[in-house]
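Before anything else, here is the set of structures, which you'll find just below.
Same chain, two partners: subunit A is paired with subunit B first, then with subunit C.
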Partner chain A sequence: MIDPRSLFAITCKSFQELNTIAEIPKEEYIKKCTSACAGCSSSLNLRYVTKAAGPDTVLVVPACCTSVIQGIYPNTAMNISVYNIAFGAAAACASGMSNAFRQAGKKTNVIVYAGDGGTLDIGIQAMSGAFERGTDFLYICYDNEAYGNTGMQRSGGTPLGARTTTTPTGKTDAKKDIDAIIAAHNPPYMATACSAYPQDVFKKVQKALTFRGPTFIHILAPCPPGWRYPTEKTIEMGKLAVKSGIWVLYEREYGKLTVGAPSKAAMKKPIPLEDYLAPQGRFKGIDAKTVEILKQQIQKNFARLAAEEAAS
Partner chain B sequence: MKKIATGNKAVAEAVKQAKPSVVAAYPITPQTEIVETIADYVTSGQLESRYIPVESEHSAMAACIGASITGVRTFTATSSHGLLYMHEMTNWAAGARLPVVMANVNRSIGPGWNIWAEHTDALQERDTGWLQVYVATVQEAYDATLMAFRIAEHNDVLLPVMVNLDGFSLSHIMQPLDTVEPGDFIPPIHLPHAIDPKNPTSYGGLTGPNDHFRFRWDIERSMRDSVKVIEATQKEFAKRFGRSYGFTEDYRCEDADVILVSMGTFGKEAEVAIDILRKEGIKAGSMRLRWFRPFPKLELAGKEVVVIDRDYSFGSGGILAKEITAQTKREVYSVIAGIGGQEVTYDDLADFVRKRRIGTEFWFGVTGNV
Partner chain C sequence: MTSAAKRDRLAISRPTEGAAGQTGSWRVFKPVVDKEKCNECGLCAMYCPDNAIDEDLAVDLRFCKGCGICANECPKKAIAMVREEK
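Now for the complex of A and B:
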């Protein structure tokens, strides 16, 4: 029996490391007329995702904030092909699209750009199927940890203790570990990223697109109206997430894990989690016990990733 | 080429000849034989296509949509719960103006689990913008599938087409099948709105009320235009391959006083029933409705009408009977029969005509009903 990962390996193109921001293309695929909220980090992500992917790309977008920020027909802020599809259908739609392009001998990138609801909740079945089938596509989940488009209801991505309109006293369940679920599908490449590190987002997208087969990038996307912090703090909030360790930057290539430098530093000496929680209205009134559980989860996650990195 | 085949095999054979680039499908009884056969064609190299073994019917239709918008030919097959599970995406395929062709093997809907023939599955899709044809023989399943690609992809239509065949009573029975070489009967697909990354376009984003309304009208306009395309396609098919089809298949209707209207395999049984009735001196005829969407203009003036519905809309009535009543503005004798695979013989069909009470509804086999 052939290990599918070895098939991916022999078709992997060489990847040139990009080190400076000067190497990020000047072309803009997301015009300045989006209807995104002020301080929206997912539209910032999208800007770097499309710069990394280039014009021979189709974005497949399920219902999410990105369905809205494109603008209203007949206008669009997107200077790249976008196929909007139903909430639970993005990965399946992309699967059909990728197969059709490949059958026609076209190398066009097929990228799903979906929120946490469309990925962790309603879209998980189609996504799991597409990964299991070895679909040649990149799946990006931009995660603002709630259903933002409909006014911040809890999703599987909402962290423990966070208030949403459907968890008015704070969520009592932990955030779903979608990365572990994706890892169980053995994709050739998967990574986490955060909008506060756009260069890292750019590099990871570019790298993911060099692989044949399904690849996954999970991007934490702070959300001013949802997380309830001032719009100008969007970058700061992402940095605090990484520095506190509640979000860890890493990539896993053919199962080999590499933790990113900012998260390596956080593992050695994380900033107090309270520094991340305090500026956010969604964590207002969170009790000490819940904060303690979150801190324990961070330590557990650090230990798990450090052990995996050492072993791989 | 003459052979013997099941309804399912006949559909698969037609799909092989239509050469779709992408087939995405999920198994469900009694449709499974179609996709198994296609998977075998792809694996053995008889059909150059991508077969995507999706994890659900919702994904089957989503994958067909994703493939179709790149401008290639697509096909899927389903039945019953599979069709209902993909309902969100059947709407999407029609709204996105994608000429997906699908075979639906008509089957009842649970609970409880019942795998036998019934039309309620497909008729719940009647408002989605799909063209629907119902067939009655193995040969017709094959012919209708070939024609479905040409009709769906015609640039005056660009709507998906559903070919319906009765579960087991057609999907699994064997009849003679005469296959043809379609040649350029199905021209290469040209999707005017296919995705082209060189000309970046957004599809299906936010749409305001006025534009949305206009797009809905565009679907209806194409649905109306499809009438001519269906006629022309069936005429061309007859010219090339010698088998002619209409919107309905009429049997001894010209001089009939009473017409028995049905869809699917009942329509063939009805012809036997008509012969029996004629021998008794009852001037009856059979009209088998082939196309349900677009719904054809039926010629029933001056005749009594008995409608067999293998389906039901609870709180309203037999779906076919309601359509006919709405169009002809007259009352019919509405017979509900064959739901869940209930056995209905040609003798039963003849009896419905004999005992007709125009303006009433009769549930066959249920005692004490109206």
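Now for the complex of A and C:
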């Protein structure tokens, strides 16, 4: 078998070095302030993503919340280069941009910052193409589990049983497992994160940018108006998602899986799933059968990841 | 035409504070910090989505949207959300 390390060489920074520089810089690259909703976790993510990436970065943003919250022309809150592009084209655009930078001998980071609609549904073919070509870029999907920007229509990321404006009685299909689809492309690095753990988001973005080749980070981003919970509970909701096990934090480096510490604790002793579902208006009136299916999915997911971690 | 002049003619947005207006006007409840209880852990500044809390843990009320994350996450319960007066 070919050692995947020979295909994608780590460009710089040993990970011991990474741990010592994990101190989060004070510079902010998002000026006060965007027009994101109060309590928006995507804004919080964006703060830490840009802190980790630094000023020599281009964000490629397809249609999503981030493309509408930047401010009004000729002003923008983004103190970093941003390229706004059509919904399905983000990864294709980033491919060309990354190639042009590398041809010119520049190490500029190219980061796609897309929502779940732009990743799981509309952007998937461009993304799959870019991963197959081995484009040197980072694809970040911030997942609020619906099309939040247009008023919460269901997306491929909406979990089973969640009410949206297009599934008023609760979604009847399960959430699409985009991480398995990405894993099938064998990227050198992929990870899941949650906005309730900003240091973890920071570290994972920083680590992903040290790899040459396509890397992927899937961030769960609780959304107060969409999930219908009070704005102050954004961080709490993210932590409940991890503690109940419906969201698992892990990273996969050259195929080697490592489950994050909060999720390891959740695997040993998860909190009841009802604690996560009850505060959210989108799960109001969910029936016991659907909750049971969700619980079974969590257990299956735990077993699958634990087995993979033990084997790798 | 010089390249700088060409760049000026491009339809690009430039970074400005308050690009989306003074978002503090959205607020219904404002955070009030009890300095006696505060132990300056900085979690409120870390979790603020809009970076409205600076290094000295002072809240920028021009931009604070009043989401209340800081009050909810404060381990010392030193932040209270108080209704804005008209």
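The working rule: the second predicted complex is superposed on the first by the 295 of 312 C-alpha atoms of A that agree within 3 Å, B and C clash if a C-alpha of one lies under 4 Å from a C-alpha of the other, contacts with A are read in each partner's own complex, and residues count from 1 in each chain.
Just so it is clear, a contact is a pair of C-beta atoms (placed from the backbone, for glycine too) under 8 Å apart; a residue touches a chain by one contact, two chains touch by 3 or more.
A quick note: this is a predicted structure, and the numbers were derived from the prediction, not measured.
Chemist: Touch check for A:194: first (subunit B), second (subunit C), both, or neither?
Modeler: Once the two structures are laid over each other on A, A:194 reaches no partner at all.
Chemist: Who does A:70 touch here: subunit B (first), subunit C (second), both, or neither?
Modeler: Both partners.
Chemist: Tell me the contact category for A:83 with respect to subunit B and subunit C: first, second, both or neither.
Modeler: A:83 contacts subunit B only, not subunit C.
Chemist: Under the stated touch criterion, which partner chain does A:294 make contact with: subunit B (first), subunit C (second), both, or neither?
Modeler: neither
Chemist: Where does A:57 make contact in the superposed view: on subunit B (first), on subunit C (second), on both, or on neither?
Modeler: In the superposition, A:57 contacts subunit B only.
Chemist: Thinking of the overlay built on chain A, is A:94 touched by subunit B (first), by subunit C (second), by both, or by neither?
Modeler: It touches subunit B, and subunit C stays clear.
Chemist: After the superposition on A, what does A:108 contact: first (subunit B), second (subunit C), both or neither?
Modeler: The answer is first: A:108 touches subunit B but not subunit C.
Chemist: Just to be sure I follow: which residues of subunit A are touched by subunit B in one complex and then by subunit C in the other one?
Modeler: In subunit A, residues 70-74, 76, 78-79 are touched by subunit B and also by subunit C.
Chemist: What residues of subunit C sit close enough to touch subunit A in their complex?
Modeler: Residues of subunit C touching subunit A: 11-21, 23, 26-27, 46-52, 55, 60, 62-63, 65-69, 71-73, 81.
Chemist: Flag every residue of subunit B that touches subunit A in the complex, lowest number first.
Modeler: Answer in residue numbers: 21-22, 24, 49-50, 52-56, 58-60, 62-70, 72, 74, 88-89, 92, 195-198, 200-208, 211.
Chemist: Quick one: which bits of subunit A touch subunit B in the complex? Just the residue numbers, please.
Modeler: Checking each residue of subunit A against subunit B gives 29, 55-58, 60, 67-68, 70-74, 76, 78-86, 88-89, 91-104, 108, 125-126, 128-129, 132-133.
Chemist: Residues of subunit A touching subunit C in their complex?
Modeler: Residue list for subunit A touching subunit C: 26, 28, 30-41, 43-44, 47, 69-79, 198, 224, 230-236.
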